[in-house]
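Each chain carries a letter (A, B, C, D and E) given by its place in the written order, and its residues are counted from 1.
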Amino acid sequence: MSTQPATASTRRSEPDHEVGSFAEAREQSREVPAAPPEPVMEVLKLNVYYGGFHAVHDVNLQFGKNEITALIGPSGCGKSTVLRCLNRMNDLVAGARVEGEVNYHGTNIYAREVDPIAVRTNIGMVFQKPNPFPKSIYDNIAYGPRVTGMKVESMDDLVEEALRGAALWDEVKDKLKQSAYGLSGGQQQRLCIARTIATRPDVILMDEPCSALDPIATSRIEDLMLDLRKDYTIIIVTHNMQQAARVSDRTAFFTARPDETTGDRTGLLVEFDRTADLFARPHDKRTEDYISGRFG
Amino acid sequence: MSIATTTARRTVERTEVATGKSKERSPGSIAFLVALWFSLFFGVMVLIVLIVDTAINGAPRFDTELITNYASRVSPETTGFRAGILGTIFLMGFTALFAVPLGIAAAVYLEEFADNEKWYNRVIEVNLQNLAAVPAIVYGLLAVATMALMGFSETGTVLGGSLALALLILPVVIITTREALRSVPREIRDGSLALGATTWQTTWRNTLPAAIPGIATGTILGLSRAIGEAAPLVVVGLAGSLRFDPEGLMSQITALPMQIYSLTSQSQEDFRVAASAAIIVLLVLVLGLNALAIIIRNKFQRSW
Amino acid sequence: GGGDAGQTSGGGGEGEAGGASGSVIVDGSSTVFPMSDAAAELLSEENPEVQTTVSESGTGGGFERFCNGETDISDASRPIEEDEIAACEENGIEYTELQVATDALTMVVNPDLDVDCLTVDQITALWGPDSTATNWNEIDPSFPDQEIALFGPGTDSGTYDYMANDVIGAESEATRSDYEASEDDNVIVQGVAGTEGGTGYFGYTYFEENADSLKALAIDNGEGCVEPSAETAQAGEYTPLARPLFIYVNNAKYNDNAATAEYVDFYIENLADIAEVGQFIPLSEDLYAETQANLEGIAG
Amino acid sequence: MSATTTAGPSGGAGLPGAPDLRRRTRPAEAVIKVVLRTSALLSIAITVGIVLALIGPVIDFFGEVTFGEFFSTEGRFAVIPLVTATFMVTVIALLVAVPLGLGAAMYLSEYASRRARKFLKPTVELLAGVPSVVYGFFALTFVTPNLLQDILNLDVGFTNALAAGLVLGVMIIPTIASLAEDAMSAVPQAMRQGSFAMGANRMQTTLRVVFPAALSGIAAAIVLGLSRAVGETMIVALAAGAVKNMSLDPRDGMQTMTGFIAQTAGGENPVGSTAYNTLFAVGLLLFVLTLIINVISIALVRRFRQAY
Amino acid sequence: MSTQPATASTRRSEPDHEVGSFAEAREQSREVPAAPPEPVMEVLKLNVYYGGFHAVHDVNLQFGKNEITALIGPSGCGKSTVLRCLNRMNDLVAGARVEGEVNYHGTNIYAREVDPIAVRTNIGMVFQKPNPFPKSIYDNIAYGPRVTGMKVESMDDLVEEALRGAALWDEVKDKLKQSAYGLSGGQQQRLCIARTIATRPDVILMDEPCSALDPIATSRIEDLMLDLRKDYTIIIVTHNMQQAARVSDRTAFFTARPDETTGDRTGLLVEFDRTADLFARPHDKRTEDYISGRFG
């Protein structure tokens, strides 16, 4: 660990070879195979445009079953954009246009005959800011099963199961009929996770699920993710590299490159690897700069 | 930390995604959408029927005499609305002159200076919302009282009419101006204040100029409400008939909606035709003002 | 129409004939309004320098302003009343009453209704404040068995007052109130024409215009049924439904303001034409002579 | 890069490091502030003025007419028939305007693209700009004879509450639509995304998430529409009729409070007479009624404002 | 650099002693004395309330002349709140109440006889989002001198000087009359800095001035800060620890502690030290956790 001084004018020209300083935070709980196993989802030559703006360029990715994949990169590099393409949430953004394929169990979810609503029932999503509905805790959980017309034997059981799954049952079991807004931020976020798993999805997407939470709530959600991995395939966007290191099996690093003519900053995938490898031995200079805190 | 107990979870029952049909296009959804479309276009349909019906009735009188002639009782077929149109234009001018500066000043105070925690400022706020819903005719009564208080015995003047209309639209101007001011981002104000500008300097040099499109839109919409009002003008004693052009604040005038109102109770068919044609003129004025507001709003709308 | 607006100048009798300029303010009866308005219009064609404002606050409202000195001329569909005279006196307003036309109320029925003539008592039975009649045969057994549908002007019109005070003469100065009321005579025309047992009342000339869709009733005031017409009204035979219409002129304004004088002179000079435009029955020669004499009296 | 000349505080005392921070008087600003505050207080003055303008004649009025006579169902000064008529017409108007206004608001806020909304919303708002004289004329000459009598074959009077209420309803659609749209647009996008991400379609999202979340704003929109309807004059003066009528049959003509005011103001009663002063008594009652309605609406919004 | 696996359940109990992994990014350009030299500003027992909410508790700080001081800490810990107290910008926040002293050259700026507007003329501020006025570049710069009634010989010279001071002159000198909104985000932010120095302040406050900017723009602003330090005392709030390490002389670490009864998360100062020391040898466990990426 070197702390030797360098002058401001020269520091940028001195390459820093001690990259991967985060890798120490990485604690692996299991062996991760070299390639994603039984890829549940696969992204092929994905390009996204917002109106005339080219936001994401030629992304290829595979997401392995029961793995946690983290998408990292500086602000505006298109992480959220890519994530939203995975369950067609981008359909709802005016002017957004998607090219390329996103295969889910072999079906391109952008194919004509695919119902985006059915896609979203299978591929759930948790957002950056907890966004419970202005309803009771119970109704928040029951919402998904109700709107999707899921056949449910006992809604009460389903609600309990979902809340247990999100490690929230004990905290809220006595106030199920109260407004979800009475919960703390961390509880609200776990409620949103519970709400998502209540519809029994296959894949869960999470866009910076902890960035609005305090350290304790964050660590609970991280624990929960590791637990949910047993049943679900999880894809998470995070700004916090340590978080990626702590929870994910694989990490994809994105960055944004300004277009030479238009100046648009288009996001692209720089490197995709097992998390341990990416942090310890980045192959790309940009990855190295980013994880060593040179920018971002 | 309690970890989920449902680890022995059954395997996921995937629903087929490539169903070929969309839940967004289920019969219920489509019926709902159709209902919404109907709601949206019902009013517009009524407006179209109204305009077409009136235009058909008034068609024989779409001539220049309609706007260049004074009202005629002797020859109903060439009666015109010159006095009413000019009167309405004068009324609008003075109404704007009274209401706009006052309205902007009040809005600036409430939005930029007043401490909204103070009870009296909250009273003003609630009061404004109330005033916006007070029946127009009541403003006529107020204007009569105000004129008497100011010592004007002459009724039916531009002053009385525009006072009534100014009082009527003042709350509208204040409320829309406040909205326009509010939409100027906080950061712009902060930036100015952090440079050592006073609140007034910040308002005058930054906030107000940035809010001008919104203020203009609100004012025009207020005026377009005032332009069609007949009830308060009846109360302030505007004349039913005169045949000379207004010259100033103390001129006797009449107004277009009043002429229309009085013609609707005439027996001769020619008068009813003229009334229909005059309604079209009034609608053109109103629609013109609204179009102007939309143009201003869309042209100058800023995305901060 | 058209013409440049003249400048307002308060007074000065600078020649009677057409040369005056200034403003004239007329208010009062909405019944007389069409005549005063027509006078203003015809005058403005000859002399646009005279700026006449004509309003229709009603006879009572007009006298209120007139006796306050706010107006130069007040239109009236009835003679001035005691308290109004007192108000004028109190403010030192001297005035002259000029009859300008004759108005005849006409009672109309649906043309299909087999009723042709009513006595004054029958009018009261039909319209009186205590009336509860709902079928024509309650008015007179010889009338058809037909439900009555009443249409009439609202309580604020002079026409209503005229019916209530002068025809029915009720203490309460009111008619019955369970009728379809409208300030718009068209409403009454269409109501009566469209309803089988329909009946209503309004001015004679208004009936003339709609004579093809309505039937006018003759009135029997003890001397047999009299049809409404210009002649019977002028001759004073069509009672009590014919009435005089007036303008009241402020003497001082007439003498001090050339514009007022010109307006009034013009009005009376062209009275027959104006009455025609206003859809009233013109004065008989005798009455016209009387009006001219009264006019000359003002200047004196 | 050299910026040495810009160093140092700008204080007037000249002592480096001890700038002058003393409070200054800014007379121009003080004057401006007084002017602005006076303008704001004008709104209070207007309210007080309205009350004062109404109260004098009202006192005279109640010197001649008893409260009982005023708040009775029959007689020359009875106000209850006017109130029931106002109620009738308003209810009809709301029956038209609430579903249509909310439907339009839902479309604008949840379905229309930004561009479409930019153009559609002002179009709907146009309906509020049409002069009420025009609406009244339309009710009288088209809705009653052509629509109600000919097409729907209803046995309505020449003037009737139904035509007036229907047209009045059309007139307040934009008030309700526009404010309800604002309320629904203010529901955070995150709420919708949450719903869509659960597999809900747009209708479900609109009805089950956005609508309840915006409920307080929607309620306020309806209440404001209500007070517009209560206060509207010319439509009812022309189309509802000019005769006091306690009937609850919408096919009958009936006179509303505003209709009465317009008729009395334009009528024959001498100023100062008891009959004329009825105008002010009814006007004050109307003012108080709209005041109550608005206070309720404001309280409603305050109380139930969703803190998303 | 250890990458040995640890199970999820045990990792939190293993203290990680390899803190200060950021310190390597720290490049000192000069010796920093142990105590702030000639403190230009001094905060004493500062408490801030928003209505009934206790946002900041008992903060004491000194800011040395011609030093850059960084305020860091997790979201919501009150960094911006403290910063806004330093030039009385909090006066403008409805319901905000400040207790304690903020001394500027020995004068408490919250004293009765102090004019908050004079305070702001001396203590400038740069915000998170670039916020140029909707005016021309020239008028943006001239705004401050004009409103404060500064006696200026040549406004043109002053504008040029300020733009040169913010390293923007060369890029904009040909389009001074054009709207400031035509500039890129990074240029806008430098414009805001230029605007601030045009009024010749003594202290410049910056609230996350780079968080809306890309890496290249960020590095230009960082260079600029190091350059401005020669003439100004700079206080900067940043979320980016590497940035704090790169530019600041001293760092104050804040965190938020939930109140036991109300649950309000009140911000407090945990540690204030020379930047090199704080990152290399944090004294407090919470600082250590934060800078090692355990949360935030």
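One rule holds for everything that comes next: a residue touches a chain if its C-beta (ideal position, glycine included) is under 8 Å from a C-beta of that chain, and two chains touch if they have at least 3 such contacts.
Please read these numbers as outputs of a predicted model, since none were measured by experiment.
Novice: Using the stated contact rule, I'd like to know whether B-E or B-D comes out ahead in C-beta pair count.
Specialist: Between B-D and B-E, contacts are more numerous in B-D.
Novice: For subunit C and subunit D, let me know how many angstrom lie between their CA-based centres, rounded off.
Specialist: A distance of 40 Å separates the two centres.
Novice: As a quick test, compute the distance in whole Å between the mean CA positions of subunit A and subunit D.
Specialist: Averaging C-alpha atoms per chain gives centres 47 Å apart.
Novice: Using the average of all C-alpha atoms in each chain as its centre, how far is it in Å between subunit C and subunit E?
Specialist: 85
Novice: Please list all residues of subunit A that touch 2 or more other chains.
Specialist: Within subunit A, residues 117-118, 121, 223 contact more than one other chain.
Novice: Going through subunit D residue by residue, note those that touch at least 2 other chains and give them in order.
Specialist: Within subunit D, residues 199, 201, 266 contact more than one other chain.
Novice: Do you know which subunit C residues sit against two or more other chains?
Specialist: Those would be 57, 183.
Novice: On the basis of the stated criterion, which chains touch which? Give every pair.
Specialist: Applying the touch rule to all chain pairs gives A-B, A-D, A-E, B-C, B-D, B-E, C-D, D-E.
Novice: Can you name the residues of subunit A that touch subunit D in the complex?
Specialist: For subunit A paired with subunit D, touching residues are 87, 89, 92, 94, 117-118, 120-121, 124-125, 127, 129, 131-135, 143-144, 147-148, 181, 192, 195-196, 199.
Novice: Within the complex, which stretch of subunit B touches subunit A?
Specialist: The touching residues are 1-7, 9, 12-24.
Novice: Where on subunit B does subunit C make contact in their complex?
Specialist: 68-74, 80, 82, 153-156, 237, 239-245, 247, 252, 262, 264-265, 267-268
Novice: With touch defined as at the start, can you tell me which subunit E residues reach subunit D in the complex?
Specialist: So the residues of subunit E touching subunit D come out as 38, 40, 104-107, 109, 113-115, 117-119, 121-122, 148, 150, 161-162, 164-165, 167, 197, 199-202, 227-228, 230-232.
Novice: Within the complex, which stretch of subunit D touches subunit A?
Specialist: That would be residues 113-114, 188, 190-201, 204, 208-209, 212-213, 306-308 of subunit D.
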